[in-house]
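One structure is given here, and the rest of the page talks about it.
Order of writing sets the chain letters: A, B, C and D. Residues in each chain are counted from 1.
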Amino acid sequence: MRNLAIRNLVIGTGIPVLLLVAWWFLSANSADPFFPPLETILLRFQELWLFDHFQSDVLLSLGNLFLGFAIAAVAGVALGFATALVPPVRWMIDPLIHFLRGIPPVALVPIFISLIGFGTQMRVTSIALAAFFPTMIATVDGIRSVSNDLMDVARVYRLSRKERVLNVLLPAAMPQIFSGLQVSLQVAFIVMIASEMLGSSQGIGAMTLLAQQSFMAADMWAGILLLGVIGFLVNILFGLLRGKVLSWYIGSRRLARAA
Amino acid sequence: MKVSIHPYALSAVGIAGALVIWQILSAANLAGNALPAATTVFATLASILGTGAFWSSLGATLGVALLALAVAAVAGVALGLLVGSFEPVRYATAAVLEFLKPVPPIVILPLAVLVLGPTAEMSFFLVVFGCLLPIVMQTVDGVQGADPVARDTARSYGMGEGEILARVVLPSAMPYIGTAMRVAAPAALVVTVVAGLLGGGPGLGQNIYQAQAAGDYASLYALVIVLGVLGLLFQAATRLAERRVLHWHESYREVVH
Amino acid sequence: MSIRQAPALTTHNRKSTMAQQPETRVSATTPRLHVAHLAKTYGSGGKARTVIEDLTFTVDAGEVVCIVGPSGVGKTTLLKCLAGLQPASSGTAAIDGRTISGPPPEMALVFQDYNRSLMPWLTVRKNLVLPLRHLKLPAAELKERCDSALAAVGLSHADNQYPWQLSGGMQQRVAIARALAYRPEILIMDEPFASVDAQTRFDLEDLCLKIRKDFNMTILVVTHDIDEAVYLADRVVVLGSRPARVLRVVEVDLPAPRDQITTRSLPEFARQRTDVLSLIKRPA
Amino acid sequence: MRRTIPLAVAAALSMALAGCGGGSGPAATPAADGTTTLKVGTIGIGSDAGIRLAADKGYFKEQGLNVEISVIANPPAGIAAAQSGQIDLTYTPSIPLLNALSQNVPLKIVAAADGYKDGAGESSDLKRVDDTGLLVQKASTITRPKDLEGKSVSVPARKAQLEVTVSKLVKDDGGDPAKVNWMVLDPSSALQSLNSGRVDAASLVAPFTSKGVSEGNQLLASPGVEFFEQGAIGLWVAGSGTVKSKEKALLAFKTAIYKANAYANGHTDEAQQLSAEITKTPLDVVKAGAVNYWPEEVRMEDIERANNNLADLGFLSAPVKLPADVIFGK
């Protein structure tokens, strides 16, 4: 048993390290213009992102991402509640919402460019609007699947409307809201990159596309690496937040599965 | 009876209201010529629908999306079975899969365009990249979630490993794979459009880029409407397919989260 | 901090229900709970389905009344009407002569499915606190209410655990503790012990009797278990199906204090039990 | 049975990879009717009239060629497609080409696509010869390129032709191009943004240059011709792999395209008619703009001049060492 655990640990860490080492050495003398040596890529990574463009591009991109996502999250949950709790509102906007979420979010970027221009507002608006739908739809689903028993409890114990919304519906719908938020975060990340690639000369996406268009393969790889790392880290951070907010849910599900 | 009419009436009111607001906003000329009137857009849509170029773009988009989805499904399930069935393989791939999972295909789009050019192959590659990992991960979860009792039962009846895989593990992983496909199918469409829009791959995405670059806003809106309808159809179709394939599995909704 | 004084106790907690009172049935002139010609019909026109048709019974102050009937008879519908969760189609249910039109302040309800009526994201103690928040009690009283309620159900040690970490019986005790901390005058329980094992069930039944004794509550229990009804109740309301109507109200004359072993072995217990059973078994 | 699983996986994977990487390129062997097919990418601008004429007039057919024209999003994408063999030839201005050559992307110049007549730089009316233009609003405080410092200027792509050429204008006027706030905008958004004041200046190509002027903006400078002076700017470029496998066909392409270029230079009306069709622009707007010129040769000195300018402006750390055979067939 113990041997197996050690073997798994060795394999689990060894293979990725081996892959990186293989990349390093196999690419070391690469003359292929599109697959430069890993060493060059890392060097450019350091030169580009850690100093030169950190503030002007990296922070800018991340700021847009989080601002857009935050707007989407708050608006999505709020409108989700309004929609779920007031049926006429739901009937009125349901078909529109479903139509709008059918549109690939990136396809909205050209429209926003034509309407609001190319500045930070456009990027944040695009991110916020595209990321809004998954959260909103998940919130509506979450609220509508809250058990009637819980709502009966809340009424019998005469909880106020505010208490019912904040202390019963919101936490009960939280697992589904978080699933929606996770999708929203992915969408926000994609639209962040797309909005920079389509209508901007600033940001990580714009820098990466520019590197590709001027055939600076090492710079492009550095951009891809940075975007990959950001995608990974943002996901990890979100996972930590989810673990904290939904510890009761994760715990109860683990228990249910073990049973 | 009165109650059941209400929702539809209100839905109609909602759609009509949105169209009216659109028309008024465009008439008010708030955004210059960038917001064409709803009537103009629908007229443009009608004329676009009558051109052969539109249908061949649509065909290119659907062809790339569906072919790539099929390849990603077959390869993803196969890889998922492999990774899920053998512990060493699972540990060997865990780090790479976990790193790549949250990386959307748009990140590697510049590389794909650089190497493959603005081609259908580039779009195809990106869609496979985008759809493969979720399918692999869900299949692995499904294999892991297969009831050990069912496995032991099968083994006690003298089934071989391969037979167990095909008769026990794969069917019990089906709900997970179904979930993955329901997510992957609309994603395939989205990635195809992104590859066209940002990478110049053939299809509706490229048409949108050209409409924007040429300042042909009526076509731009018309194409986005087409994409919205297409997205709805994709979602509906995958839901229907999932229900058909998984009708035997009462609890398939349970694994959605 | 703002002024926090004892009068913050709201109207529905007028009586000090903590006072120890002798275990005698106080037969008041007007019953606490009066159900008169209550009927409930779902839907309308051709699809109409009458679940309850003309129910009449009363519950006196400090009394334990059990409602038994075959399953699917509409017991849960009745409780929802009593708790003000659903309006009656006709007839009335009234507390102290006031018609119930919404959840009455002096009433608490213990639900059948403990795992669906506790908030899984709150610890045991916070589950108890949630219904009390809007009473704006002083912190000390809030704590005292929770402590004594948890002590009454024997869960003082579990107050920081989540409901899903507890066994089924313990979860139902949390639900009861939540009702106790609310200090209702009338406690209604909907098949409260249906989904726990036999031993736990005996414990919870005795807990129910203890509550009545200690807190002088008026308790209405819906159950499909006839033994349980006879063991707990001062009176058993036997319902016939469908639509539900009262077949008979059986007075249970078993000596107090009741005890799982001695009471259940009394010939009187067996006779009462047979009476009720024969009522239900009789073809309608 | 255990072994079939990895086998199935391998099969599925190789299928996927075959689908992705299938870039072996079209075969060089002529089709049954003796014609060779060439896939050519263009970016859909007015000067595409040259290649369109070659096709319409049957010059390609004369040379035994079947040319398939497709529109690509931008020159870098075309270069990527050409070097990977997805297409045989692509249109690109010399600047993206030099960028690519500086990164050792193996490319060869096959023929000239568009450019400026010899002596065009000394022309009295630059806007008649240059299809690029730097536009500002009519009442703008910007009166000379140096004023662009600290202002926002739109370009269709970063580090590409218009940014480079406008940078030279600013530098030659004593300003610092690094102080210009460059914005990437497609031409129609750029024009719209200029009209609404979201950008202070827009650098545009035909037909947007004349469209912008007709909407009441003023032309500040003609950056293209001031940078390149004369010679071929737009080039037909192939990957070196294609040059090896399809040498004959490319020679034939070169012959046909130069015949068409000569015809276009001699028949301005006909060429402008085609330009209007290609760019979906009213003919009068096309006619109001610059008259395109289609060079009939590519000279090393013209390419080197752009090369040195790029290095002077800091877009390249040093001029690209151009291989002697970078121009195909010389």
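In this text, a contact is a pair of C-beta atoms (placed from the backbone, for glycine too) under 8 Å apart; a residue touches a chain by one contact, two chains touch by 3 or more.
The structure presented is a predicted model; accordingly, all values stated were derived computationally and were not measured.
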Fewest touching-chain hops separating subunit B from subunit D: 1
Highest-count interface - the chain pair sharing the most C-beta contacts: A-B
Centroid spacing, where centroids are CA-atom means, of subunit A and subunit D in whole angstrom: 37
Averaged-CA centre spacing for the pair subunit C and subunit B, given as whole angstrom: 52
Length of the line joining the C-alpha centres of subunit C and subunit D, rounded to whole Å: 84
Inter-centroid spacing, subunit C versus subunit A (mean Cα positions, whole Å): 48
Subunit D residues counted as touching two or more neighbouring chains: 74, 77, 189, 192
Subunit A: positions in contact with at least two other chains: 113-114, 212, 215, 217
Touching two or more other chains - residues of subunit C: none
All chain pairs that touch each other: A-B, A-C, A-D, B-D
Residue numbers on subunit C that touch subunit A, as the complex places them: 80, 83-85, 103, 105, 107-109, 111, 113, 116-117, 119-122, 130-131, 133-134, 162, 164-165, 178, 182
Residues of subunit D touching subunit A in the complex: 74, 76-77, 79, 96, 99-100, 102-106, 155, 157-160, 182-185, 189, 192-193, 198
Residue ranges of subunit B touching subunit A (in the complex, touch as defined): 6-8, 10-11, 13-15, 17-18, 31, 34-35, 87-88, 91-96, 98-104, 106-111, 113-115, 186, 189-190, 193-194, 197-198, 205, 208-209, 211-212, 217, 220-221, 223-224, 227-232, 234-235, 257
Interface residues, subunit B side, partner subunit D - complex: 32-34, 67-68, 71-72, 74-75, 78-79, 81-82, 85, 113-119, 121, 124-125, 128, 132, 160-163, 165, 199-200, 206, 209-210, 212-215
Complex contact set, residues of subunit A against subunit C: 147, 149-150, 152-153, 155-160, 163, 167-168, 171-172, 174, 248-249, 251-252, 255-256
